[in-house]
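Have a look at this one.
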Amino acid sequence: SLDSVVEKKIKDVLNGLECNPSATAKKLVCTSITNSGKLSSCPAEMSVTGCACGYACGSWDVRNENTCHCQCSVVDWTTARCCHLA
Amino acid sequence: SLDSVVEKKIKDVLNGLECNPSATAKKLVCTSITNSGKLSSCPAEMSVTGCACGYACGSWDVRNENTCHCQCSVVDWTTARCCHLA
Amino acid sequence: SLDSVVEKKIKDVLNGLECNPSATAKKLVCTSITNSGKLSSCPAEMSVTGCACGYACGSWDVRNENTCHCQCSVVDWTTARCCHLA
């Protein structure tokens, strides 16, 4: 019938556009990147959501959008917590 | 007309797929989970974006994807900051 | 043909619904808001994913959904790490 032809066509187009539920159901995915020293960066496609520092230090800032910088005078490691939609 | 039949059909399919704007407009929603001790976990469907620790401690790591672990020798509470799309 | 009429119609409707791939491809975007003192808030449409504090303090909590509160007795600045989908 015309009805089923149109419905099939719609589903074909939606699949082509990756506009079906499974394609649009993105999740927040996070990982940690740890480096020695006072700096640690997220991969380019991820965003910094928080940072952790060695020597109990809780003072940090984010530089150049994607790099954690621990500010205490003595810090032996820095972790960037990095998230994106996937 | 054929045109309006097709348009109605498309809207029916889109609604069924929850592919309309209101269904796809997800938001980032975050909450805090605090526990006594050095460990605190996010619910399974949420991701850890950062952690906080008692006794001023800023040194933490994320274990098993969804658990904050505060590393300082004395820590009386741990908070996991947990986010997901909703 | 009927086929191409239906396909054009589908694309028109999808564009009207902003349901095409470019419209639905949201990213996680984050920024930092720093204030002097022990409190710093994210803009209303953003969520707190983590906090940083002056004087090396790593003890913080989130108040009223969008405000970082640093808990140590001496803290000269507070940063809220704020994210949303854009």
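Per-chain residue numbering starts at 1, and chain names A, B and C are given in the order in which the chains are listed.
Assume a contact is a pair of C-beta atoms (placed from the backbone, for glycine too) under 8 Å apart; a residue touches a chain by one contact, two chains touch by 3 or more.
Everything numeric here is computed off the predicted structure, so don't read it as measured data.
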item: Chain contact topology (line, ring, star, complete or other); value: complete
item: Superposition rotation for chain A onto chain B, Cα-based, multiple of 5°; value: 120
item: Distance from the mean Cα position of chain C to that of chain B, given in whole angstrom; value: 12
item: Touching two or more other chains - residue numbers and ranges from chain B; value: 2, 6, 10, 19, 24, 26, 28, 49-51, 56-60, 81, 83, 85
item: Chain C - residues contacting chain B, complex; value: 2, 5-6, 9-10, 13, 17-19, 24, 26, 28, 46-51, 56-62, 72, 81, 83-85
item: For the chain A and chain B complex, residues of the former touching the latter; value: 2-3, 6-7, 10-11, 14, 19-21, 24, 26-30, 32, 34, 49-60, 79, 81, 83, 85
